[in-house]
Amino acid sequence: MNTNTVNSKKAIAQLTIVRIIVYIILAILTILCLFSFYMLIINSTRSNGELQGGFTLIPSTHFIQNLVNAWNDSSINIPRGMLNSFLIAALSAICATYFSALTAYGIHAYNFRGKKFAYWFILAIMVIPSQVAASGFVQICYKFGLTNNYLMLILPGIASPVVFFYMKQYMEAVLPMEIVEAARVDGSNEFFTFNRVILPMLKPALAVQLIFTFVASWNNYFLPSLLLTKSELKTVPIMIAQLRSADYSKFDMGKVYMFILLAILPVVIVYLILNRNIIKGVTSGSVKG
Amino acid sequence: MKEKKEKRHVSYAKWGLIFIAPFFIAYIIFSLAPQIITIYNAFFENYRSGLTIVGPNFVGLRNFVSLFTPDANGTIDILKYTGNTLLMWVEGAIPQIVIALLLAIFFTSYRLKIKGQGFFKAVIYMPNMIMASAFSMLFFTLFSNVGPVNQVIQAMGWADATIDFFSMTVTVRGMIALMNFLMWFGNTTILLMAGIMGIDQSMFEAANIDGANSLQTFFRVTLPLLKPILVYTIITAMIGGLQMFDVPQVLTNGFGVPNRTTMTLVMYLNNFLSGKNYGMSGAVSVILFIVTGILSLITFRSLRTQSEEA
Amino acid sequence: MARVILKDIKKIYPMSGDQKKKKAKGKKTEHKTGNLQITDKGVVAVQAFNLDIADKEFIVLVGPSGCGKSTTLRMIAGLEDISEGDLYIDDELMNGVAPKDRDIAMVFQNYALYPHMSVYDNMAFSLKLKHMDKKEIDVKVREAAEILGITEYLDRKPKALSGGQRQRVAIGRAIVRNPKVFLMDEPLSNLDAKLRNQMRAEILKLRQKINTTFIYVTHDQTEAMTLGDRIVIMKDGYIQQIGTPQQVFDHPANLFVAGFIGSPQMNMMDGRLIKKDGKYAVELPGTTVVLSEEKQARLAANDVAEQEVIVGVRPEHVILTDSGYRGTVEVSELMGSSMHVHLTDVHGKDMVVILNDKKDFDKFTTGAQIDLTFTPDVVHVFDRTTQKNLEW
């Protein structure tokens, strides 16, 4: 009896120590993740003079002023950039999500010759880096005058293997064929069934993929930077890179921080609201081991 | 009895084809055709010199030969950049996987019962959603000669003069690796957690009853069962790592400072592309394609053997 | 007015490349195809199915899983292509007609309700697709809801309903359409036993109200016996017997039907069919039963010779006697008004006897020896090799 209580006390003490260490590690990682963003927010509230003056963790009072300055900057038209980015990101998210769901449904619900091939083909192309196509794609766009055309950034999303794969897995989990058959008996044609019966059933998956594809497009830098040459058509990441290549020492640093903040803010807001769903969505689309 | 000979069968097969058609049409137009053109271009001389366009002239493998020809200093650029890319990837990926594995075990441990998991997961995943170019720009401003990091160092008296973080290979690579780590370890943690939670809980209970301690349980039970998803995670991370671009591009303004020691493969490709040198960009793309192709084959093979074992 | 005729209908699933290879190698693919026949064209799930269903008849397709009953129903619905043969509804060839144009309605095993629509919208969906007038839809939906007692749930989503209520909605969705043919695919198999009995009675009532042709698929012989005007018993894609519940109970065509219909199962004993004074009799160790006049005539008509047979007697038809066919009691189950006694017979086979007389109940402790015999009109004789009922 006695040794038992001693042992169990020892075990509890051990567990407590382990727990404390774990929380310390978590605290360090949390600081590591958040510190740079905290600095960003603090610095976006400080004037250029304050920023040159020294380091502080306490916010200042120049947030609005920096915002107005950044918003009205003549060389970097950030409101226009955000509007452009939003337009491209929203449309490509809708395109990618809708057509991936449609493709996944085509393979999930129907039996046709070549179905297996189509499935494996899509899985195989998932790992080909998009940059491999870039050279030819950019060349075609220049040749046919399709640079500065948003469609060239939106339409490729129709073929999104990763989104397809996620949708396919989701359908396997939630979509019984009986529903499709019931709709057939009820007199619905196949296209109508997909739009009115199937899509509403996929809402959670659609929402997750809309977020992911929107964020991916909003953050996308490589291809837009090669295709968008007109300044009024440029997206936010291109403007950020422009900021970097400008002689920034002449810049108002408060404004620079404000630009960065504006670039990431929409995604951060969405993330703060929907992080639970987003994190759930990360796992359900991945390959099961 | 009336007989309509024309239609004897009910078939929905055509709808499957109609529904998958947009995907394949878009794939062919926006991916496959450009890929073929890319590879085709790799065998042509086709670039712009000032205002004159040279080519396209067929040059066989000359673009590849010039890729692998040492320059005046005896370095072969493409090998150097591939090396840079892999090295920076490894520097970020090792802590990424180790920390992710640790966190995944902490979070799933029924003995530790970590509180606030939702908060921690949200925090560690957040950098993944942030625009890489903006994140990189933020690091640039923080670590610049007049940035807060230098201000702190001076205020603390840790160094006499301003530290130019961007003049040293080790610090620039370190920053890139750190950013990649921050952007991806949360994602890896969540994937590995799903993997661990997919393991039958009774395995851990059985190991516990059999007298295994936590470390033994980890190395003898968790790790072997987690191997498939771990392999998948590492290899997809490697493929992603080969495509490293936004972070080093913005951080070094496309120059790969210092002395091109942080130049990556895709930055190299980007340089050719923005210079409209389609021959050389095609050749670099082919190399990129081959390298990822080999890695993907390894992924598929390892996944297949594992699914056969199961 | 809806007569359904199935003429030589077959369903053949083409084999995939892998299966063909396996077959060529001589490997068994039985775990996938059961005992289904495999031809060059593929796996035959339904064999030349012939059935003439009269208007307003209630037909039940019954059999164990994988027998082809659901496939047959799905071919009638148009959800599955008919490989060979003709399907007529009201003398019109339906093979190539889409489900929506067949004027059928179907109730699915898992209800298949649209989860994002309210009960009302679920029921109204097909009518809306027909561009029916909104007021008319409303009248029909409310009428059907009234019949099924689900009026108060019309605004709810299917998720908020119990299994029995969902089943009612599924039926409601079918009846609003006033279909010529009403198809039901194992509609009660997801309900618990009590609810299943209740719903079975309701389906009988429903049938009187909506008076149309029903085709009902189930694996449960009790449902088949209680609901069907005629029953079609299937196994491995073949029809085993078609008949009224009484016919298949009294005159099972073969051992399979005899065993499938009736609960507990019919007892099968090894015996011999002999001719005694020109009359057919079955000889079992300890007892010989001369068959009834009706059976004499049927056997004589088939010119059946003396032979080793399997003798089938239902548990409820076994009679106790002082000296007869001997069995040893294994266990006895008291069911209240009756008792089921499980025995091992002289050949070591299991038997079940149902006793209704309370006086007898306490005699049957484990290990007790009892003697049994049978009345002449309830004994079935089956061929040992073909397993066919020799009367047929």
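Points worth noting:
We call the chains A, B and C, going by the order they appear; numbering starts again at 1 in every chain.
By our rule, a residue touches a chain if its C-beta (ideal position, glycine included) is under 8 Å from a C-beta of that chain, and two chains touch if they have at least 3 such contacts.
As the structure is a computational prediction, the values presented were derived from the model and not from experiment.
Interchain contacts join each chain to each other chain, per the touch definition above.
Set side by side, the interfaces B-C and A-B show unequal numbers of C-beta pairs in contact, with more at A-B.
Closest to the middle of the protein, by Cα centroid, lies chain A. Centre-to-centre spacing of chain A and chain C amounts to 55 Å, using the average Cα coordinate of each chain.
Between the CA-based centres of chain B and chain C the separation comes to 59 Å, rounded to the whole angstrom. Centre-to-centre, using mean CA coordinates, chain A is 15 Å away from chain B. Chain C has residues 78-79, 98-99 in contact with two or more other chains. By the touch criterion given at the top, residues 1-4, 6-11 of chain B touch chain C in their complex.
By the touch criterion stated above, chain A contacts chain B in their complex at residues 15, 18-19, 22-23, 25-26, 29-30, 32-34, 36-37, 39-40, 43, 52, 54-55, 99-100, 102-103, 105-107, 109-113, 115, 118, 122, 124-125, 127-140, 142, 155-159, 164, 190-191, 194, 215, 218-219, 221-222, 225-226, 236-237, 240-241, 243-245, 248-249, 253, 256-257, 260, 263-264, 267-268, 271, 275-276, 278-279, 282-283, 286-289. The touching residues of chain A, when paired with chain C in their complex, are 176, 178-179, 181-188, 192, 197, 200-201, 203.
For chain C in complex with chain B, the residues that touch the partner chain are 78-82, 88, 91-93, 95-99.
By the touch criterion given at the top, residues 74, 77-79, 98-100, 104-106, 108-116, 125-126, 129-130, 173 of chain C touch chain A in their complex.
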